[in-house]
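Pasting the structures here.
In what comes next, chain A is part of two complexes: it sits with chain B in the first one and with chain C in the second one.
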Partner chain A sequence: MRAAVLEARDLTKEYPAGRGRSVRAVRGVSMSVGEGETLGVAGESGCGKSTLARLLVGLEEPTSGSISLLGQPLGGTERLSLARRAQLVFQDPFSSLNPRLTVAAALGEVLALHGLAGGAGAGRVGGAGSARSRWRETITGRRSERRAQVDRLLELVALGARFADRYPHELSGGQAQRVAIARALAVEPKLLVLDEPTSALDVSVRAEIINLLMRLQEELSLSYVFISHDLSIVRHISDRVCVMYLGKVVEQGSWDDVLNAPLHPYTKALADAVPVPDPERAPQRATFARLAPTPPASSEGSEKPANMRTLLEAALAASRRQPLPGALPAAEVAPATVAAEPASGCPYQARCPLAEEICRSALPELAELVAGHLVACHVAARPAGVAQSGEAGLPAIEREPSGRVGRQPRT
Partner chain B sequence: MTRRRPGFLTGLWLNPAGRAGCVLVGLVVVGGLLAAVGATPYNAQLQNPLTTLKGPSLGHPFGTDQFGRDLLSLVLEGLWVSLKIAFLAVAIAGVAGTLAGIIAGYLGRWTSALIMRVTDMLFAIPAILLALAIVTALGPGALDSALAIGVGYVPIFVRVVRGPVLSLRTAGYVQAGRVLGFSSTRLLFRHILPNVAGTVAVQASLALAWSVLAEASLSFLGLGPPPPTASLGEMVSQSSSLASQAWWTLAAPSVAIVVAVIGFNFLGDGLRDVFDPRSRTALAA
Partner chain C sequence: MTGAVAGPRARGEALLEMRSVRVGFRERRHEHEIVRGVDLLVRAGEKLGIVGESGSGKTLTVLSVLRLLPGRLQLLSGRVSFAGQDLTQLHEKQLRQVRGAQVAMVYQDPMTSLNPLLRIRSQVVETLRAHGAGRDEAHLRCREVLYQVGLPDPERVERSFPHELSGGMQQRVMIAIALSVSPRLLIADEPTTALDVTVQQQILELVEGLQERTGMAVVWVTHDLGVVARTVDEVAVMYAGRVVELAPTRRLFARPSHPYTAALLGALPSAGAGHRRPLTQIGGTPPDPARLGSGCPFRARCRHAVARCEEDEPGLVDRGESSFAACWRAPEEWAG
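On to the complex of A and B.
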């Protein structure tokens, strides 16, 4: 197990929504990211992804729960030392750069503030005391050192020193995002929180940025929290993935488990929504087609997940034409006022094709169904023997899908 | 700060209103400076019984008043006094209003609410009435007039600055700066303020126009700087009884006021066009 760079426990963030009510943007989220690891966070708009990002870098105080970075709690940390540990890259590169500062000025300001003008890591200690006697020399020396460091940072993000004197409006979207990444890396953080870093970019540029991020991760052994609604990118870059719905993590595990063998009905719907750029292949990509060959991880649970899956598959097959019935409930778009979110039970119940009685009354907890694969779903968690059809799931899948084994899809 | 943006002055010059503003304001400022360095054609206060109430001529392009003083020299002196007071007033209003606006936009709800309610109260009182009250309380000196006029324009700066600060506070680069460990002071003065400087410049230019007018109104009412100091408003008020025989005694100070007010207004319009990114791209095309 790699040392945890980020540990978040039971993070909750509420915003006042007037008249004594509040909006819970993030509800009881726990996660950990190891050194050099990428945790992908997926979910649709309004599910609390960006709030989570802001919590992780200390832009917002969590209402409850705790975050620790490199083993030190985030609360009450001095802002400069906090900045050295975690940085945030925003979705829109242009709005994240001050239009009045050149690239060199923007990067240089960060370096100067953190005393990082010298060679990599050297600026962290000392300097100030001995510098006083020969301050003039030191200042000019620092200035050229700082410039050299700016050039190094630009090389790091494959831009080159010739961009140093440009203003943001003289950059393309991809170049601006590289500058934003360089600025975040200027303080040599261990963790980079990437809040949809590619969704404002052209598709061709997107791949370049992703490749850059993967190269940087390798060179600098960075840890990433990669937030995106684009599952194909999350799949590409992540070691582990967690899927959020209305502020809660509904599924978490290795990318292979979560995206290729999703257990939560919401993840399945998301995975099915990823476009397949091949009309020949597209019809085969129903969730269960991909599920079937995946062997369960633990030998002990090998029977149960298989049965449970087949049940789910059959039910989903029935509703396959419309993988995710209904829109995000209107009141929840903004997201979920306490009054509007389900009074009890699973946040996904209103749209879930598998929802049962228990889903309305009890909130499902994240449970490790397969080793390293956590799911918050009553139906998925239930041992197959308890399933309604009485029979084990295997025959069910051979039945006509419209026979609707298991639960009725609700629309 | 603004000059670093390419083509700022060029943009101002290419803009019709901006160009007119530059020319008129240049004229007024140069005239005022002439008076300041004592380079007026005549000693403005020199009375000459031989030249009372002469119409415009080569010797006295604006004519003379009932004491035989050269009106051009008097107008230039009056302009200088007006400009001094107006600039001082706008400086007071601009600095106080911008600071209050930044604080109201950046800080929490209660500070903001307090500042905005005070602003609303000031707004409810006509600026000239406020100036009258203050000048009566403080006395008619130049600094007092400037303060009296300036206070009335503080709310405009507060409003104009607060809006952009409110939206810039959540701008990506301010958020990024916060994550990078920048202090609030640094964010406010290095990142937010330069981006509202344009708006403030436009407002300052317009406020200069109003201030010249307000100063003239105050001295017209006899509340300007006391008599030995030349004053455009006072000249207008003095000439009202003479205007039927000697129209130039009314025209000279009035034209000076009009040129100054129109000039600053045009300059403000020009600046607004230049600072507005949409019109900038139109210029570039």
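On to the complex of A and C.
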């Protein structure tokens, strides 16, 4: 067992939502990341993954729960010393880089602030110096030393010193993201929290950034929390994966267990939704039924063009079938974000094809169904592992490749 | 056509035909090209994918169809015809009858396409009325199209403002508006890029289902090869303002004929790529369209480049099985 770099216990973050109510963006999340390990965090927008990222690096304070970094509790730690342990890399490098600073100035600022090179900022950290005076020190401090350090950082992310005098607008998306990574690495952190670091990038550039991150991890024995909605990338880079839904972790385990043999219906739906770049493996052509809700009453007796009529009739005929996972639930009328948290029971119940009575009343807790594989699902946790076909149809099972739904836990 | 045709859907008539389309801007008699001669053909009922990275000219290519190019950009030369009608010769007023009614477009960000101040109903009805529907007919039809795109409770959606809907629902509304006048061709420009994968799946299935039933043709513009693999019959890969490969989808993924396509496919993390193995990089950056010079625009990043690639830019060459690639070297010669 590798030593834990990050330990989070029962993290909860609430935001006031007016009228005395609150929205729980993160609800009881526990996780740990070992040295040199990558923990992938997957989920849709609104599942709380970015809030989690901010909590982990101390940009937000949890409402309850605790985080420890390198064995030290995060609460009460001074901002700057905390920053030296954990750094955050954002999705869009252009909005996280100051457009008026050259690459060298952006990196040099960090170094000076932490007194890592050029000396000027040392000792004043956290002191009374205004941002402006610190900034002046940044540009007037001992240049040569700091410049050497900047060049070294740029080499580290395979950019080279020739980029030092460029402004962000002179960089491509991939180059800018490299600068953002270099800036995060300037303080020699142990942990990088990467919030969708490749989502804004083109395919060819994405591969470069992923390769860079994997190389840096080995060279510097960094730990990563890799947050992404892109399961193919999470699968590629992560040692362990946790899947979030409405602020809760619904499944957690090794990358292989979670993404190749998911047990939670949500993880399955998510994995199935990822388009596979292989026409031979493209999913079955969907039926219109998947998306057909109850037809509006007013459609009866309308005199519309023939093609529309036939469309409606086809939809009506097909709508006897139950919608499948991922199909539009009525709940989507309110965006499926943390605000849509159901009053009781499993957060996924509205979209879940396997939902039963118990799912509406009791909140499933994360349980270790297989060694090291945690799942929060009443149905998956049942010893038989197979859903009781209580509700009509359960077409989800027909559609799944055999052996994936209700897979028997290995013992 | 007679019974000689094998399949249920024979290759239909040419619907959209683009010939040597060049898009760019003029500056003191000098032409700056961004799209540098694109030929594309979409037949009735067919689905064509246009794939490329940002800056490859894929969006400008489709915007030029309905003369929707922004700012100073214009169609420099070339012919765009739809169902035999030359769109470049039409007056703005005539073109309006083609927009929407014949060719509809759906864009990437539904929030910027919908008017935030108008209820959904007004926006759908507005489109229908503009294409000649009566008031009652338009209202009835509005509810129908919202239902058609799988929105639950269309009556409620109708009364909503855009901000009250989720991204997926907004995109459904956009598709409903696009389809409300039964176009023969739908141009979808990255319609799912801003959406979650589960919502993307719903939108893809929605368009697939509607396409199957109405028989409209679809041009799907995307950077996501996964989306292309499941959505379209034929793929055009664009690089530096040109189509560098055009092939049936299966053939493109099984045996790409252009080094760029091969590199793109290699750069994807896939289940078979090996966990944590380095991904294949293309290296380098796409060329600046302003300084292309002669020769193949991909040569600097191409591992199979030869002397000839420096001098002449290759045109599309037949590589068999209805596939075409703009490369001097056949895939068999690549190894050397």
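Just so we're on the same page, the second predicted complex is superposed on the first by the 301 of 411 C-alpha atoms of A that agree within 3 Å, B and C clash if a C-alpha of one lies under 4 Å from a C-alpha of the other, contacts with A are read in each partner's own complex, and residues count from 1 in each chain.
The rule we apply is simple: contacts are C-beta pairs under 8 Å (C-beta built on N, C-alpha and C of every residue); 3 or more make two chains touch, one makes a residue touch a chain.
Since this is a predicted model, take the numbers as computed values, not measurements.
By the document's definition of touching, of the two partners only chain C reaches A:269; chain B does not. Once chain A of one complex is fitted onto chain A of the other, the partner contacts of A:87 are limited to chain B, with no touch recorded for chain C. In the superposed pair of complexes, A:202 makes contact with chain C only, with no contact to chain B.
When the shared chain is aligned, chain C comes close enough to touch A:233, but chain B does not. Looking at the shared chain after the overlay, A:183 reaches chain B, while chain C stays out of its contact range.
In the superposed model, C is the one of chain B and chain C that contacts more residues of chain A. Applying the stated contact rule after C-alpha superposition, one finds that A:164 touches neither chain B nor chain C. For chain C in complex with chain A, the residues that touch the partner chain are 53-54, 140-141, 143-144, 147-157, 165-169, 182, 196-202, 204-206, 208-210, 212-214, 223-230, 249-250, 253-254, 263-265, 267-271, 273, 275-276, 278-283, 285. On the side of chain A, the complex with chain C involves touching residues 44-45, 172-174, 202-204, 206-208, 210-211, 214-215, 229-233, 235-237, 255-256, 260, 269-270, 272-280, 282-283, 285-288, 290-296, 298-299, 302, 304-305, 307-308, 310-312, 314-315, 326-330, 332-333, 335-336. Taken in their complex, chain A has these residues touching chain B: 57-59, 79-80, 82-84, 86-88, 90, 92, 94-100, 109-110, 113-114, 180, 183-184, 187.
Here chain B touches chain A in the complex through residues 1, 4-5, 171-173, 175-176, 178-183, 186, 190-191, 194-195, going by the rule given at the top.
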